[in-house]
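Both complexes below contain chain A, partnered by chain B and then by chain C.
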Partner chain A sequence: MTDISLTTTSIRASQRGRAQFVGLACLLACAAIVPIFFGSYSVALVRDALLFSLLAIALDFLWGKTGVLSFGHAAFFGAGAYGVAVVSTSLGAEPAIASWAGLVVGIGTAVLVSLVVGYFLIFGRVRGAYFTIVTLALAVITDHIVVGWSKVTGGNAGLLGVLPLYFPGAEGPAPLSSTVHFYFVLAVVSGVALALWLQCRGRYGAVLRAIADNEMRAQALGHNTSLHLLVVFVVSAAIAALGGGLYAATVGFVAPDIVGLMLSTQAIIWVAIGGRGTIVGPIVATVLVLWLEQHISSINTKLWPLAIGALFISCVFVFPNGILATTGDLLVRFRGRSRGKP
Partner chain B sequence: MTASPLLSARNITKRFGGVLAVDDVSIAIDPLEIKCIIGANGAGKSTLFNVLCGVMHASSGALEFEGKEISDLALYEFARIGIARKFQVPSVFESLSVEGNLWVASLNQQTKTEAAQQIEQMLRLVALVEHRNAIAGTLAHGQKQWLEIGMALMARPRLLLLDEPTAGMTAAETQDTAELVRRLAGQTAVMAIEHDMSFVRTLNCHTYVMHQGRMIVEGSFGDIERNSLVRDVYLGKA
Partner chain C sequence: MICDGSAIRSARLCWGETEVRRSPLNAYKLMDAPITVALNAMTLISILMLVGLGLAVIFGLMGIINLSHGEFVTIGAFSVAIIQGFGGSFWLALLVAPLVGASVGFLIERSLIRFLYSRPLATILATWGLSLIIQQSLQLAFGAAPQRIDSPITASVDLFGANYPLYRIVMIALASAIIVASYLLIKRTRFGLDLRTVIQNRDMAECLGIDTGRVYMIAFSLGAALAAIAGALIAPLTAVIAQMGVNYLARSFFVVIVGGAGSVPGVVAGSAVVGGAETLLNYAIPATIAQALVLVLAVIIVRLKPDGLVRG
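Let's turn to the complex of A and B:
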């Protein structure tokens, strides 16, 4: 833990905030040109990665800002995805509204579950590893429900034919073309990231950081820390569900691999590699890791677990603050040194 | 009839299993008054403070602030009604900047401009103006202690509880801290736990002596210094 605090001290807080904003702007610019220079396969790959990055952003808001690690965030992502899938495939709703209604149901379910689970855990003073373990159980339970309740969820086979989101157009409501849909996804991800960045920039971000540092002390200064944590947990679950719902409507099918422990673990890896608490870092890391996964797996499927393992270990030892923060740190140090020269 | 005290604790007892940490202690402080509690290590001073500021609930006894019973309030509510606490171990938020620490300590109901103005005042009061952007974890021990006092004062408390404010400080820093506390007179009531006799002597206020969980003597600091029982307690005879 000590080397983490040492590296963070080398960058002043304000610089870090600005670096995050610049990072977000660069990321947007890079992503925006993907459809111009790359083929439809890459566009779809980046689009799906961006949707998964909503899960990473959600986890980062909770883990990175308040220090509370949830192993169950895939359950919320899955709630969003299955909400859209179930409502649009089995309830026979109007196609123009089916997926939107499903999105509302999915996010609503995630909010409700996170509110109930979060209330009992957080107000019951469950913290640290205990919190992580209980949320891990949440992911396992959700996985069992999805696999076991096959009449509704399709069991192991999942659900096919999930309807896309319809948008109003000149000839009535219709799904977006794939390029426009890519920009829609990009807009949603940047909107969520920007909103969180703006919200956490000032005093509120400092209060969350304070809770992560020393919760009892934050209470002694008059902050209802349990309420703060519950709000963050619920908002975080809602963002994860938004990502899941959009993912289901985008790819057109859902399967149990998007609710289980594997996805929760992957999300933790994305956030750790990208840098906890940076919001932008996890987005970059999600896209990079999923892109690498596609390319390395296409060489040999057995290579990927090795590669992700090596990446994760090097992340823990070499970039404890994530790739972005470490690069930023080095840049600031380099600039400081060159400025110091006569 | 005199006005009711700001804080009054009556017959406070705190047990940890079989250990009686605080045994039937009564204590009161009036608005704007300064008082000290002294006593050897393990006398129960910090436990008493933990009860007075809501970190722990008493096993029995009554706790009133401005005439209202407060023993059932949550820790954050103690801060909101005007009881601030500086902990024994400096507990600033290590990963936040000095200014960030003061932002966290500012009250919710303050506007941003009001809070910013107050932060400027506080930085001057605790002599950390040049260090405002420093990460709190990198501050010297004495500076952390002062930052924490500044944080406690941000909420404009009516009662400030200081748990060994000069622990680990040099003699000069201790004197400066005593001066700082004296300057607070007229703004807030202060109750301090202290080991350092020069600090208590500088404050020269009403002093309580705790020993093995009980309040054994109280009086002006002059009386306490001359009290043979106190001397015995400090020398380990009693």
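Let's turn to the complex of A and C:
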């Protein structure tokens, strides 16, 4: 009996894995045709959503795969963004390399911070709600530093004139046109999502799932669970910082909005609505929620917080596993019934 | 840009900004007498104690991560503004505020939280959503400008050679009295015994005939009422705006975690560390950096003493 149920589970898991891959491919294909059919406004909208979806992917890798919820991921996103902004606006570096150097600085900062914080917390056996609340403090601390250290970060006003990423072109390095930039962002998001999907497909994903299910048991099976969690935390922070850095270089300015607790919680809602651990779900949800935000805010900017609050509550009660999984389950049930199987 | 929505602007956890604008709590002079420093610290500590105590019941004892706890503070402060707006006195408002807080807490517990006791992550999401809804509704109803609050006592007294506002001393005394009363409630009454039983083992408590759902309901409303009292007490000293609650959210969690989840002495110890450190640091360095340092300190304490300073 156990063997049979085990096989069914693994088949189901592999089916779900394949469904995720197909979903990811479809999604990226849909995104790829946006510049052909829609105007520059929509292109910019989807591009920004894709950049934010890197944050969602990062959080999904941590929260979805290992069950550790971080409220501080906007801090890493912000580290990437401010890395690019500070290096490219105030250090007076060569424009061709400034943003790239900033990206490296930003990701490096995020890796360093996540390594130190993660080491302290994860090897200190801080888990569950306590981890969540300490990372919440991380978001707050970063917010304080950004607002308070105005000489470097521009304080509440933020930094304007962040240089775009320059690529070696025909006549020396040149910034990309907006369409090419869109595809560059799309390629980065696809690359990151695919890499994570491939990585988590097999044994490694199973180890992470084991840690999420029962860390002590995984430990008893010989896995260094703390090390695994630390690696996931740091990689996740690096992905978030990559998203932030690209965001700053793309939109051209940064403000404290992109480090605060609010962005962290928005990232959580993207992952929660998209479905934890699916990677493709959070990308879809990011695009959808940001699109919804634009529309609702254009009616009345004051309505959006109400809507997002309602979204939070509804995703708890109506679709606890995310919109995609809920629709997927409904489809599976429907198909099963038509085949005469329960 | 997308991230520029009003949600982010309005609901950012911006201690820095509000704290700097709020003059009375921060108007420190370097030459203040030690007794004034101590009283300033006591003011903040007593508010944190009340907010933290509400959270200690809800988070520390019941294990619910209630991210809308800060909104109970806001509701308490707005109750004062509304009652004063209708010509009522501050002291009447101080009585009404906990009732309003408890009613809202009751409604929230019955309509949302009681379905989520076995799903801690879902509670985080639902209460955060709730917090955004309460904030935005208050702002839509009352506007973004700070509410007008009249201070009930404007006199100041000489205390050990320092001239200090009488209201703050009354506030410290009231907060201390409430803390003692809560301690007695949990340790000495039938309800406190039931509560402690339910917390130790919910199933077993149910076997013993305790209506656990009712105990949770009362405890949650009580926690909300305590936060609302804190909000009413702090109202004359701060800018009463819809987002004021978030200022207290993370701090109150740290009070509870640093002090030791779920005990009244723990809350006192936690508030003393968090509030005391913040007040003292405020004298030396800018307020934003001081608060960041306090949080770093709290993280270090959590790392070194995961069970808190006082074991419950």
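Simple rule for what comes next: the second predicted complex is superposed on the first by the 329 of 342 C-alpha atoms of A that agree within 3 Å, B and C clash if a C-alpha of one lies under 4 Å from a C-alpha of the other, contacts with A are read in each partner's own complex, and residues count from 1 in each chain.
Please note the rule applied: a residue touches a chain if its C-beta (ideal position, glycine included) is under 8 Å from a C-beta of that chain, and two chains touch if they have at least 3 such contacts.
Every value quoted in this text rests on a predicted model; they were computed, and no experiment measured them.
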Simultaneous placement of chain C and chain B on chain A, clash or fit: fit
Contacts of A:Ile145 with chain B and chain C, given as first, second, both or neither: second
Which of chain B and chain C A:Thr225 touches, first, second, both or neither: first
First (chain B), second (chain C), both or neither touched by A:Ala25: neither
Degrees between the directions from chain A toward chain B and toward chain C, using C-alpha centres, nearest 10: 80
Chain A residues touched by each partner, larger count belonging to chain B or chain C: C
First, second, both or neither for A:Arg217, with chain B first and chain C second: first
Partner chain(s) touched by A:Leu112 [first = chain B, second = chain C, both, neither]: neither
Which superposed partner A:Val207 touches (first chain B, second chain C, both, neither): first
First (chain B), second (chain C), both or neither touched by A:Ala187: neither
Nearest-approach distance, in Å, of chain C Cα atoms to those of chain B in the combined model: 14
Chain B residues touching chain A - in the complex, by the definition given at the top: 53-55, 74-76, 78-80, 84-85, 87, 91, 93-97, 100-101, 103-108, 112, 115, 133, 135, 137-138, 151, 154-155
Chain A - residues contacting chain B, complex: 5, 8-9, 12-14, 202-203, 206-207, 209-210, 212-214, 216-225
Contact footprint of chain C on chain A as seen in their complex: 45, 48-49, 52, 69, 117, 120-121, 124-126, 128-130, 132-134, 136-137, 139-141, 143-145, 147-148, 156, 251, 253, 255-258, 260-263, 265-266, 268-269, 272, 290, 293-294, 297, 301-302, 304-306, 308-313, 315-317, 320
Chain C to chain A touching residues, read off their complex: 1-17, 59, 63, 65, 112, 115-116, 119-122, 124-126, 128-133, 135-137, 139-140, 246, 250, 253-254, 257, 286, 288-289, 291-292, 295-296, 298-299, 302-303, 306
